[in-house]
Structures are given as C-alpha cells and as structure tokens.
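First, the structure itself, so that you have it in front of you.
The chains carry the letters A, B and C, assigned in the order they are written, with residues numbered from 1 in each.
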Amino acid sequence: MAFYDGINYWELAKSLDVISWDSYPAWHSKEDGDETYNAFWADAYSDMCRSMLGKPFLLMENTPSQVNWQSVCRPKTWGFHRLTAIANLAHGADSIQYFQWRQSRGCAEKFHGAVMTHANRTDTRVFQEVRSVGAMLQKLDALCGAKTNANIAILYDMESHWAVNAAKGPRNGAIGDNDLMLRMYLPFWKAGYAVDFVNSEMDFSGYHLLIVPMLYLLRADVAKRICDFTKQGGTVLLTMHSGVVDEHDLCYMGDTPAEGLAELAGIRFLEIDPLFDEQHETMRIVKAPFPLAESYRLERLCERVAAEGAEVLAVYEHENPCMPDDLPCLTRHSYGRGTAYYLGGFAEDRFFSDFLISLAERLGIEPALDTTLPHGVVAAARQGADGVIYRFVMNWTREQKSVNLPHPLKDFDTGKVYQNKLPLAPYGAKILI
Amino acid sequence: MAFYDGINYWELAKSLDVISWDSYPAWHSKEDGDETYNAFWADAYSDMCRSMLGKPFLLMENTPSQVNWQSVCRPKTWGFHRLTAIANLAHGADSIQYFQWRQSRGCAEKFHGAVMTHANRTDTRVFQEVRSVGAMLQKLDALCGAKTNANIAILYDMESHWAVNAAKGPRNGAIGDNDLMLRMYLPFWKAGYAVDFVNSEMDFSGYHLLIVPMLYLLRADVAKRICDFTKQGGTVLLTMHSGVVDEHDLCYMGDTPAEGLAELAGIRFLEIDPLFDEQHETMRIVKAPFPLAESYRLERLCERVAAEGAEVLAVYEHENPCMPDDLPCLTRHSYGRGTAYYLGGFAEDRFFSDFLISLAERLGIEPALDTTLPHGVVAAARQGADGVIYRFVMNWTREQKSVNLPHPLKDFDTGKVYQNKLPLAPYGAKILI
Amino acid sequence: MAFYDGINYWELAKSLDVISWDSYPAWHSKEDGDETYNAFWADAYSDMCRSMLGKPFLLMENTPSQVNWQSVCRPKTWGFHRLTAIANLAHGADSIQYFQWRQSRGCAEKFHGAVMTHANRTDTRVFQEVRSVGAMLQKLDALCGAKTNANIAILYDMESHWAVNAAKGPRNGAIGDNDLMLRMYLPFWKAGYAVDFVNSEMDFSGYHLLIVPMLYLLRADVAKRICDFTKQGGTVLLTMHSGVVDEHDLCYMGDTPAEGLAELAGIRFLEIDPLFDEQHETMRIVKAPFPLAESYRLERLCERVAAEGAEVLAVYEHENPCMPDDLPCLTRHSYGRGTAYYLGGFAEDRFFSDFLISLAERLGIEPALDTTLPHGVVAAARQGADGVIYRFVMNWTREQKSVNLPHPLKDFDTGKVYQNKLPLAPYGAKILI
C-alpha cells in the first residue's frame, strides 16, 4: 500500500523474492481533468517498489474502472485504463493485474470495479478496454525484466520517517518529510529522469547525485557513507532537520547535523523556525551556481545555520526587522572530489524544478527523452535484456499534445515511425522503440 | 422525529391508530429571514406523517419560542408561531401541542421554550401568541379530520434508504437519496400540489403520477406493481441507481434496473459515475416533451445507460473529449396505456421545477390555488367532511407579499372576502374558504 | 494554566501563599507580526493571577525560544524575549523563570526551548538573550513586591463560568462569557488602566467601577453587595444573561436578573435571542451619556428587556419588521448615590472601547501614562514600597513607534531621560521611572 506507515516495507523486502503493490490513485477528482498529480504520486510509489529489490515489481491490484471505498469512486474514463497500464509498465511493472475479476453479489466490495460486472456481459466498455490492454501485453513479453538505469538516488528511510513524525515539535502533525521528498522527486519525474529510492542500509555509492531529504534519524555508519560518497566525487544535497537524533531517537549533543555531516556541508545548526500554514519566508539567491530566479518562496520550516566553510548561495529574506539579513538558506561546499549542497528552507516546487534539473544537466545525467516535454506529458524508459530501450510517453491531460522528438522513434504497437513530432491524444500514451 | 433513520416508522405505523410528530426546524438561522427552506423541510415531514396512515396526524410537540438543544436556539420571532401553526394544519395536523407548558427550574431543559416561562407571567409576548393561536383553533373544529386529496405519490422506502446508505460505493457518506427525494417534492410544495408519500408495501395504483427516486432496493412484487401502474395508464418517473439489489441486499445479476424496470423504462444500465462535490456535468435537452431550458446542471451521480426502446429526451454534455457525446440522461418510454420517464443524472432544482410542474399540468392535476405564487409564498388545501375546502396561504419571508387570486375567497378568521388580491404581511398566513 | 476550567484556582488560592503561572502564548502566528492580541491574552491572565491574592505572582515557566507542543512551535524572534519579560513584570510578576534550563536528549520535551540547547553552547542567540534579561533583573530588586493600584474591577466567577457553560441553551458550545469578559478588559489594557479581577466572594467595595459580565449564577449575598456598592456611590455595569440561576444552578422564578439586580438596573428580563455566528443586530444610541458612535454591531446574544425605571441609552435596530423598534439594549439607572448601567447585546470591541474609556475618564480614574498610545503600544505601572512608580511601555508590533510623553521620564536601564517623545524599536520595551 502506497506510503503506508504501519510496516517498514524495506525491512520486509529483504526476505522477499518479488515486490508487488496495489495501485489506487483517486483519479478524476479534479474539474479540469488534469491527472498529473495523481500520476506523479502513483509513479513515485512504483519507483519505490521497483527500488526495494532493484528489479521490476508486479502490479498486483488495480481496478479497470472504479473502487468502492474512496469518498467518491469515479470510474476510469474512456481509454484511461490503457494510459495507467502503460505508466505502470514505464515505472517498473512486469504485470497488470486486477482486483477484481467479477463483481460479487453482496457484501462490502460488490460495487468495486471488475472486469466482469453484475451485468455478466462482455460487451461493456470496461471489459473491452481490459481485453485491449491484455492484447497489448501479449506482444510485450520482451519487456519483462527490463531494467531502469538511474543515476539519481533519493534517500528515504522509514526509521527516520517514523522518528520525525513521532517527535513533539517543532511542527506537530505536519513536519512534511514525505512532502519534501516528493517535491524533490517531482521535477525528475516531470522531465523524464530515472530515480531510484534507497534507504539507509542500501549501497548508494554508484549514483552520481544523492538527494537526502530531512534525514532526521542518522546512524553514524550512514553519515560516513554519505561523506565517502561525496569524497569520491559524488554530489549530495542535504536539507534542514537532518542528523538530529541517533538510532535510539536520542538527540546528538553538540553541533549538528551530527556525525560529520556539518563538516561535509560546511554549516552548523543554530535553530529551527517552523511556520504556520499561511506564513511564508523568502529565499534570495545571492550567488547562483546555474541560472536561477532571484528568489523563491519558503514555507513550513526555516532552519537557521552558520556557514562554517560553505559558500552561501542564498539567504533568508524576511519582513521582520529584528532578524539579521544574512542568514544562509542554501549553501555549497567542496568536499574531497565531490560537492555538498545544503538547503535550510522548505522551498516551493519552482525552486526544486530550477535547481535539480540544472544540477542533473551539469552532472551529465540524461533523461528518457532529450526534449522539453509539454505540461502534463511525461516520459520514462526501461532497457530490455536484448539492449532495446523502451520509451514510454504519457499524456495525463484531457488536451491533445505534441512532443518534439530528438530522433525518429517507432510506435511499438502500430509500427509507425515518428520523425519529429509525436502526437498524443487526450489521455493518450505510446510505447516507442 | 423528522427523517430519523433508527426506526422504520412505516413498519411501526401498521400497529398504530394515530401518528404524531415533534416538529423542531432551526428557524431564523438565515441572515435574510427567508424561512422557505425550513418550512419546506418541516412540511415534507408533515406530509410523510399524514401519509403513513392516510389521515391527519397530531402535532405532539412544538415550541412556542425556542429550543435548548440546537447550536443556536433562536426564539420564534414576533407573530411567527401563528404562521407555523397554520402551516402544520395545512399539511395535515389536527392539533397544535407544545413542549413545554412551564419551564423547569433546573436540569437540561430549563431553557427550552415554554408557554409559561420562569417569570411566571401571562403578559409575555410568547404567552399571548399561544393564547391567540388557541383562540383560532377553537373556531376550527370542522377542520379536524379534513382530508388531503393528492394525485401525486412519491415512493420512499426505508429499507431501500437503509441499504443504499449502508453500501460501500459509489459515493460514500453522501449518496443523496433523501436529497433527491426532497428535490422532487420541492416544486410540488412550492406550487401548491398535494403529494402523498408511499412506501413499497402501500397501494399506489390510484395516483396519476408516481415518482420513484433512487429505488435501490427493489422487491419483485413492487417492480410488478410499478409496471402494472404504468400499463394501466399511470405516469412514472424512475431515476439512477434503481433496481440494483433485492430484498436481501444482493445485487441483481444481469441487466438492471431489475425485475422488469429496464423494460418498463426502455433503457439498460451501463455504469455509474459519481462526481466530487465541486464537479458538475450538464444535461442537454435534445427533445423537449414540454417547454424546458436548453440544459441543466448535474451533480453527485451520473448514471450511463443504453436506450433500448426509449426516446432520448436529454443527453450528457461534458468537457471530456474521451467520452461519447450521445449518452442518454433523460428518456421517455410508452408502456401499455402509460408512460415511463427515466432520469440518469442528479439534476439541479431548476430541472425538477420545470419538468415536474409541466408534467403535472399535462396530467391535469390541480394545485391548491390556481395561480402563480410569489417566492416564499406557498399554499395547501384540505377538504372537510362537509365538503368545504380550506385553503392555507403562508408567507415565509420578511417581506409584504400579494397573491393574485383565481376567484374570490373568504378569510376564515376575519370573514373578509378577497376578490383579486390577497395581501400577506411579513411571516403572515391566512386560512381561506 | 491560563483560563483552565478544570480547577477553581480562586478557591485553591485561599490555601496558598504564592500564586505562580506558566505563560505560553502562541507567539508569531500572524503574518503581519502584530502580537497585540497574544500579549493582551497573556497580560489578562497575569492580572488575574496577581488579583487572586492581591499581590505579585511568580512567573514559574516561560520558554526563552519555542515550545514543543503547539501545532507550530515558533521560537521567540530576535529580542522578543526581553519584551515578554518586561510585560510580565508590568502585570505583576516578581520573577522570570524558565522551562527549561537544558534540552533533554530524548522523550517528549527534547525540542522544547531551553536556556542551554543540545549544542551545549553559550554563544547561541537564545542563551545571550536570557543572560541579558538576567542582567536587567539583577538591577530591579526594588521592583519586587511593587503594587498595582487598580480602581476598576471585573467580576469573574468560576462557579458562574462553569454553570453557564454546562447549561443547554440558549447557545450551545459558545455562550461566550469569557470572550465578553476579555472584551471588557481589552480597552483598559490598551489604554493603560489597571484592572483587578475579583470573584463573587471577594470584597469589591473599594473600587470605583465594577464590571459584571454575564453573572449567570448569582448568590443572594453577592447581589446584595453589588447593590450596596452602587448605593454607596459606585458605578456598576451589568450585562445580558445575569442573575439567572442560584448557587444550586436552579433558575430564579419570577423577574430577573434576580435578587434585586433588576431593581438595581431598572430593567426586567423578557427573553433572550441568540444569534448564529454570521448574524448580527445593531445597537442604535438614542441618548449618549458621553460621546459615542451612532450605532454598534451586536453578535451572539441579544437580550430583550423592559425598562422599568431605567433611562434607555440605546435600542435594538434590526431588519425584522415584525419586531418592535424600541426594545432597550443599553440603559442607565441611578441607584442611591451610584449608577447602574445594563447592556443587553453582545457588542463589538469598538463599543467597549468608546464606552468604557469614557466612563473611566468620567469617574476620574487615571491610566499608567496620560497620553494616547499608538496601536500596538501598551503601558502599565507598579508602585514600589519606596513610592517609586515604575512605568512599563511595550511595543507589540514589528514597526518603530513613538509615544508622546505627558512629562519627562527616565529609562531605568540606560538612565537616559526622555522629555517629550519616547521612541520604541520594533518589539521594543522600556521601564521608565
């Protein structure tokens, strides 16, 4: 179950051969028909499931139409099921399975969507759409086991997630560690960059870019591996409220982030100022490492630090005349052959989009499709055992879209070759080779 | 208690000689003083109580001023108690009784309104208003037992209400069957048409128009009686989410609405699409059986059906280019000597007002007063044993109103005869003969 | 704990030698940085603690930065701790103590602010601000035990508070007695008038002005003392929903407010009309005892009374044409050598500000600083055993402010003498002698 806190799936995964998940986004809740946010949320969790064992997962359950348990259970609209099936394949699924084959006569799940409804007919729209996806899958045997080649990793640690959410203060009920993590995943997903998730126990030495959002609970060995990763040429991004407690949920005494991360980032923690939901501060860029806007909006958490060796790239700008005006918000520090960035404020999406994509480009990391994708269109890639690269392009909007192709690509399904422009119908998707 | 779900009052009524209820609308909660909605809600339940045994009921409790248990317990304003008393008579009450005679010194109900307050005075406004209503009632003995002659019935079945609200999906917590029923009652109430409520067990063969809102739980014998009613010349209006489960709450397998209702309406269920609160679809009229607007707004539930014999009167119009544009939303089907209408979408009030009043006029059904009533003014009628027709006209607004009379009528209370115009003071009411 | 309902602190106080409280306002929750409301709330409770034994209290706990248990735990901003310390002294504190000295390594309070943080450093901003306040306190020994000279008392009775909030009706969950009391304290606090709180058992015969907000539960002896207070030349302000029940929570039978208060005020209770949150009525001034606006807004509760001897100063004005237009809302009645005012409607802040300050001026009561204070700047005074008057001036805004001084005053801390103008930095405060 997506983002379920009751079990540490990462720990469970060690004992498993196959990862599966049940994908039930709340589709069609928006008036304008833009499903980008729902798709992003579901794909993030697909990537997480794929990352747990570093191989494709099984999509165990999805509904061909509607569920019965959401507040409002909308059926997937005409053609939409094919789009979600392709998106699941794109992010690592080796199967598209259903709950449920046939609607039950009674009990709680009698109105859950099914391949075969109470009407007992095969001429329903839903049955026909399932049959059509099945026919597509039959031709895609070579995709089974195909790999996702990611150079970017996001560190997501369930023990830290539990600890920061169990803590009293500095923001109760909405510390936002998952939101921060998803904000940092979003621009990569939108631009077609493959991202793996790793937890503290996993080896992340092979990636080019390591994103470490709010690693509140920090074990000494993990701190050392993050430092080593950077020392050997890696690029790391640390954030506020990191390195605060040890594996026993006891605060580190002395300067933090602890266990060498303060030295890695070249900063030292002073205090943390949480904001009310309607409050904001501003990050003003004072030294842009690559093209950035003049300023970005901050919310939720503003951590104040002293720069101790780091270059200050941005400072807090605020309306409070009592506060000093040079408190660092974004810093950069060279460390060995690598670089450590630190972000103190909980930044708006636009910052992560500007900052992270520029950083990935600077590091020579390549997206699934080397082009600028229009809003609502996303891409992903997998590489088969035979070396063939499958490129998936999904249109999550109700509008007709067109993608500029960097080179000619063939529609896997129809065989048609697109030279420059790839047209996408509303809620359309294509698998290209 | 109005619209209380804990008991099937219809079942209980079989063992009773007299029906009574306690009427406590939340009067004066609106800034503009328009009490039309509160009055409509209370009168609907009066009509339901009157319908349970097909005879007048006793108003067991009402307060002469305020209650003590609502979030804000406003006293009935100056003169308002007389208006509510007349409205209760209009909709079938044979008594106006009070809770409570005297305010208690202590405990939970010490601030509930009473005829006699803690001040122990008879010169209070409230005491005087109660005395004045009592004097009016003393002159109205002939009204006792007077009948309501209704040609319209709304089928309201508690077993179905329980079942559709207990179901998981397609809309949890707000399926809206009661709201739909009240929307279909509202235009009749506003225009002064008498409406009976019947449940599945009651005989409805004698009505001209049978409204069947969301009859989710359908027994085979009820379906047969609905079909027979239509076959013999009746007009029936069926809606979405009907004929879904049997009396054991098990879904009918095969085409629905089950047990012959699909054949009656000439349609076949395909799927049901619930909408989020802020979402809407549109019903576009393609063949108006009588003057209607071009389109109406839909909310909550949109049921898609195939027309199998029915004429399509309206289709779903929507912004989703993936959906076909000819899905029927409102249909008509001749059946024996009668006609079956089917409505798939949860329409706005304006639709029911336009559609149902035109339908009633077409069927030759007559309202209490053959005139167009101004906003906030409603009328109802009862016929005494001696054949005298008592007409009740109520002004639920804070404005002075004037009603065009179709023929001269005499004020029961003052004896004054009104020729063409009936003036109504703010919150005023008259009984005319 | 401020405004805690679980214990009658006034009863407990009888057995105590020293009163202490823990002051934790939710500072910095507003976008514009105006802390006036938070300060007002905290100072009101300081005044209450000071009043319980009629002598200074100990501020047992406050945080030098942030707490850990509010929804959002903002640290006191730069310099703000000094301001709160001075405000506490101004309203009767003889100590400024902290929770906590040192942050714990683990458990629930590990992120509660402390003098010494996990970093174990004395060079933190917070440590330095605490040290600076400590240095100031060391010079203020003479302030210990200094008195507050109040001529105004507000009667706040916990037994009545419990009873009116336990009652069902006329407004459930929001009768608002505490809000009314605070509204009547607010203008005095803003203008620098010293106010004591008394409960029913305390002697209030020595005050000039006695404010009695919503004394719902009234004991006969208290009524008598209020009457005697007025008879002997005192000025009293009574309000709606007073004198309703006796000490056993049983309603008085007969005219109310009971036990002579109706005769005192020259009015008689008729009925009480509570308003919904979004509803309002208007009080129209018909005879101004001193300069007042033409009308004021009312909310929550409108009590209707008959004037029986009292002069009507204001009547209810409303949009309901059914209501009489001369119902008294504000009255004045001479009683012995004194005067009794009665207020029927729950008035807006502006009314209390206009009415109460004019009344205090008329009675010759003097504020801490005889000047018009700019918005967000407040003043208070204490008199030491040696006769020295300490005047405290606090700026609760983020703006630079300037106060016109009625006579030269010396800054206790710096020794600087201000002749005409006292400048105040953002969140600045001064102690003047």
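Heads up, the rule we're going with is that a residue touches a chain if its C-beta (ideal position, glycine included) is under 8 Å from a C-beta of that chain, and two chains touch if they have at least 3 such contacts.
These numbers were taken from a predicted model, which means no experiment stands behind them.
Counting hops only between chains that touch, chain A reaches chain C in a minimum of 1.
As for how the two copies chain B and chain C face one another, under half of their interface residue numbers coincide.
Centre-to-centre separation between chain B and chain C, using Cα means, comes to 52 Å. Within chain C, not a single residue touches two or more of the remaining chains. Per the touch definition, chain A reaches chain B in the complex via residues 29, 31, 33, 65-75, 77-80, 103-106, 108-112, 117-120, 124-126, 398, 426-427. Within the complex formed with chain B, the chain C residues making contact are 167-174, 245, 248-256, 269-279, 319-324.
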